[in-house]
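All chains are identified by letter, namely A, B, C, D and E, in their written order; residue positions are counted from 1 within each chain.
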């Protein structure tokens, strides 16, 4: 069964085509990467999937449900979580609060319960807290639990961004350049998390990334975009041999 | 938990439930309880006279209104320059009942708690309606939309005969179990009534902030795009924030109507909206205790300035002008100075004091 | 028909004065992203300075008009220097409140002078006989007001479009750090923005003062009255301010001319702009000409 | 607990202030709360000066012997809630007489005056103040009397048919009050056609409104508001060339206005456009060369007021407002009664043999059924840059209406 | 060669407490390309800001040491004055003016220049010759340009100030490999054709070392290694930590990273 099917998606902004006739299938349990030159439409693709943009044409299906015109909060409720490229954290809050926030839809209690904070609200909140602690533990964020996100270093913030997406308990995790601006050690760190996420938590990962090395090493499947079109796809080996990809993106070594 | 629960130092939580508690130590709870007892007891020992009791009542009403404003502007980050209009909605709900059923109808005089809740709900409804533009508007554009509401409210009140075209609509005296609350007890009675409401609402907010309903507010303030991705409907959350603020304002409005025993449109003008904002800022935006400090500080300042400038006026020529000029002058200066030197408001001083006591008896 | 045209002409006259009053708000917002709620007070101050120079010091009105513009230029610049400079980078609410506080301070200062409470009137320096063309009449004061408005607005839009300083002012509004990196002095740009806003406010104050007489209450209310204009035009567009000003002027005159006195309505001229504003904002959340934030997720 | 401490501190402060000003003889406390700043402060400011000066004068000239009047003057910026607070404080301080300002707050506090049985003189001459009220004493002819008097003047002097009239009023209770009474007068037989009631806003240009009135055939505009909007309208009327050069000129508008619309400020604001404006007022103007004017100017000079304040009829209004309680206290003392609210009310209710004030054009009289002080209004006409008295009348229809009420 | 820029032992402190630079010294000889490498948070950007006088807005200050540019002490100078002296920075993340057109963006760069408008016009034309890609989009809002174009706009904008030295902060950040190459080729051309001294801050050690003459490597606020680029390229430590090449010469696969996890928590 395909998890996510993108068929014939076209996205244009005032005549400028960011994506044209893109077809992709994302298989469950795998790491699928989308690569391509700057401005090729990778982030636009993620925006379409996560509901920030709506395709001008074509459709996106998730487990046979159409989510072409769903809004971001609806999509995240279906189990598709996203980590942003330019950090979109709640910078005035602590790491803990950032993660607690992500559990919004999973908490079921009424407004009145909340106001009087008895019974259900209190119980659900403390269960919620232990779930979040689990993620903190997984992403090794313990030392920063109560620090304001805005004061943390870029690398840690990136980790929080991923952790927050994980807290949504998604089936599919969309990662937008989680390694941009990191050194090799930090990259290794993130790669380890991404692989753990996929293996241990059995979450499908969609990765948009620049670092070819990383992508080639860990992806199960790769799509290459250029000027909004898919110019190549397949396993890392297939892609790295594809002449079109070499010409448009990788360049001669 | 076997540790000493009187001090914060050396204390650890062993369950998440414990961390949810409103008071983390017995000491905190005891201090707070004592504080409450004092709040209830002092009028029995000091007779402030009607004027000052009236001022105190006013402060409490402002606290209710500012708590609401703080929710929408401080916590949810949506600037509302029309808060006084929501307060007005509450007050005019009571006034409307008086207009249609008579100034001393039983609903007004006996079932006033019901009417206060009703006014809150009216405020919430209008708050939600006015919040609707938040679906599309951001920042300043939204702020001006609330300003527009303020203007439209003023116009409607001022021109509709039902609202007596802005002239005072009288509200009858209420009854309590002891009978009719007469002139002598009026302000003291309402002091207790509003105090209870303030305490209830304060705890309500405190609880709310520990839950998803409170966190959602902060989320849309910090980053509404991310909030969207986290499964919150940013538009709805903003509307909800306005409705919540509207509720508080509505309650404040009803209380205003009862305490003043009359509703006239001068009490709900743009200037009042600005005053509420000033109180929220001086108190500390985005903090619960700031909603208490702000009104106290601003109203007290007003009073002090009035007295000082009157004292000065008797010694200086052209004194009247000095007295009248000093009010806006000091009001403006206080806002500006706070924003320049303590943008986090009085609540920050409170925080500093508290974090000092938390470590007690250790210095660091 | 004459009735209709008179309303149109009046609407345009009132509208262009709105535009001039709104100009200062736009100038400040354009470069420093500050919504200045003290603008009405600066307008009033400009008018009072002109009056003081003309009547109390006997300076010919033309020169005192210019002098008042120069004085408010520096006045507004120092206001920025003293109060706003420290708040660069603070949240929007703080900045709004500072200007509100500022408005209150200026209120207090003006109350210390006779201008705070008493009425004054400019000596007449233009012919009092009106111009009448085909039954539609316009006074010399209004005509001169409209002309000055358009000269100032034209000048400012040229300045922002073409001059390097103007472009750099827009650059600052866009990205402060980026501007600093190319050597733009951001504080100076802010100062300049406030100064030019002060200048235009003085001009607006004199023109309004000539029409309504000098009454502090009326004059400083303009700071709030023009907000719908600025928002409708889109906060950072000079062109928008002109178009929106005229639209609002027309709406107001038409509301007064056709709604008031019928169906028991009255004073609609004061509220109609706000209602129209709300409706338009529903469809155009950034006003008619406002910049859509270019956002990349 | 913070509140209490601060409040107590404040009380100490207040006490100190009073301690300083303590002296021999009785001190009668009075309180005034009015719009010294804010809306309508152009009237409220000189008015408060008049009150201040008169009480100073009373004390300085030992008008009450060793006794003194101490009147606290406080700004409420036209806000009823501040007025209310001030009033509560005055009550705590034990005032014997209260001076109020605006129509809104007078109506808002009417119930309190009744409950406290506190004699009150407001600066608002709103007819509605008198309804269900026993303690409000209006100093001069009410707005309604002014407006109806103007209406009567129009009908009397209009030639040919029924005059068509528009009312140009302030958008508040203050402005709207007299409209009803004028309409009642018309219903009672006053030969006049009220075409439209205009509630003005903050208009920069009244062309639309004026043209509309012209198209409806309006000949007279009776204003009841403050000066500045009237001035703007007069200027617009001159620009449109629709203002009458003489009373009732055919095809033009003749402008008339009650109490707060006129005065030196109007001429200052409107200039030539004010020429021919007819204005009613119960106050004596300093432009009239008479003994009364001299007294007013002397008082102003004594306390260092500038020309503008000294010549303002609002200054005169303030003086009168202060003279009424002074007179009541004098009479109470003379009768050997204790000076308290009850007795002062009684004194005023028995003041059928009124007193003459240099501030007004007629005597101030009160009785149990008549809580309006001066009943006469002068009609002034703007002529050559000053208002000159041309007539002095009492409204007949108002008397009829009151009798019918 | 004369040193155009001389940074001597500077210490930078943010908010009066957080020390970011601990005695950084570096020299940039006239006409050369010098690169400053290092990991995230090593203090590279802070160093550049200190040189360009842009610490103030971030609440930072130079507490110790001095900076000399072209013989003048610029330690406490504000950004504007530093630009007037002839040292211009291209900030990290491009920072183009999104709502200005491309042409206006480039033009703004000349704000500090005092020479005739003709000379400025000439330079503008020169920029379009240099970056022909931009000449096609002169009237488009810069915000709609792609990352590569924005980087070019930012460089052209800085060059309009006719600088003696150009400082680039992470020009490769977030750009595709081919574009990175294009940008760095451009940097080299600017150095050669326009006689501009260049100081480039990079994480991508490979490309930076390839074009520069001399390089410094920073770590936690200190210079830890320096030398001619050729030498550093062959330094085994640099190879392993900054270029991701293992001792064997090949590249370590990311897939081989060992994952280890604690599985117990105290609560």
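We take it that a residue touches a chain if its C-beta (ideal position, glycine included) is under 8 Å from a C-beta of that chain, and two chains touch if they have at least 3 such contacts.
Everything numeric in this text was worked out from a predicted model, so none of it was measured.
Q: Along touching chains only, what is the step distance from chain D to chain E?
A: 2
Q: Can you list every chain that touches chain B and also touches chain E?
A: The shared contacts of chain B and chain E, listed by label, come to A, C.
Q: Hey, what chains does chain B share as contacts with chain D?
A: Correct list: C.
Q: From chain B, which chain is the farthest off, judged by mean CA positions?
A: E
Q: Of the other chains, whose C-alpha centre is the longest way from the centre of chain A?
A: D
Q: Based only on mean CA positions, could you tell me how far chain C sits from chain D in angstrom?
A: One centre to the other, that is 35 Å.
Q: Using Cα averages as centroids, what's the distance between chain A and chain C in whole Å?
A: Centre-to-centre distance between chain A and chain C: 47 Å.
Q: In angstrom, rounded to a whole number, how far apart do the mean CA points of chain C and chain E lie?
A: Comparing mean C-alpha positions, chain E is 43 Å from chain C.
Q: Using CA atom averages as chain centres, what separation in Å is found between chain A and chain B?
A: 41
Q: What are the residue numbers in chain C that touch two or more other chains?
A: Counting only residues that touch two or more other chains, chain C contributes 111, 116-117, 266-267, 270, 297.
Q: Where does chain B touch two or more other chains at once, residue-wise?
A: 158-159, 225, 324-325, 327-328
Q: Where does chain D touch two or more other chains at once, residue-wise?
A: Those would be 36-37, 45, 171, 199.
Q: Name, in rising order, each residue of chain A that touches chain B in their complex.
A: Against chain B, the touching part of chain A is residues 50, 52, 71-73, 76-77, 81-82, 84, 88-93, 97, 100-105, 107, 109, 111, 113-117, 121-122, 125-126, 129-130, 164, 168.
Q: Show me the residue ranges of chain C that touch chain B in the complex, using the header's touch definition.
A: Within the complex, chain C touches chain B at residues 29, 35, 83, 86-87, 90, 92-94, 96-98, 100-109, 111-112, 116-117, 224, 227-228, 231, 235, 265-267, 270-271, 274-275, 277-278, 281-282, 285-287, 290, 297.
Q: Using the touch rule from the top, collect the residues of chain D that touch chain B in their complex.
A: Per the touch definition, chain D meets chain B at residues 1-4, 6-8, 10-11, 13-14, 17, 21, 36-37, 45, 48-49, 52, 72-75, 78-81, 84-85, 88-89, 91-92, 103-104, 107-108, 111, 115-116, 171-173, 176, 199, 304.
Q: Quick check: in the complex, which residue numbers of chain C touch chain D?
A: Interface residues on chain C, with respect to chain D: 2-3, 6-7, 9-10, 13-14, 17, 111, 114, 116-121, 124, 128, 130, 132, 137-139, 142, 208, 211-213, 215, 217-218, 221, 225, 252-254, 256-257, 260-261, 266-267, 269-270.
Q: In their shared complex, at which residues does chain B touch chain A?
A: 15-17, 19-20, 204, 207-208, 210-216, 218-219, 221-223, 225-234
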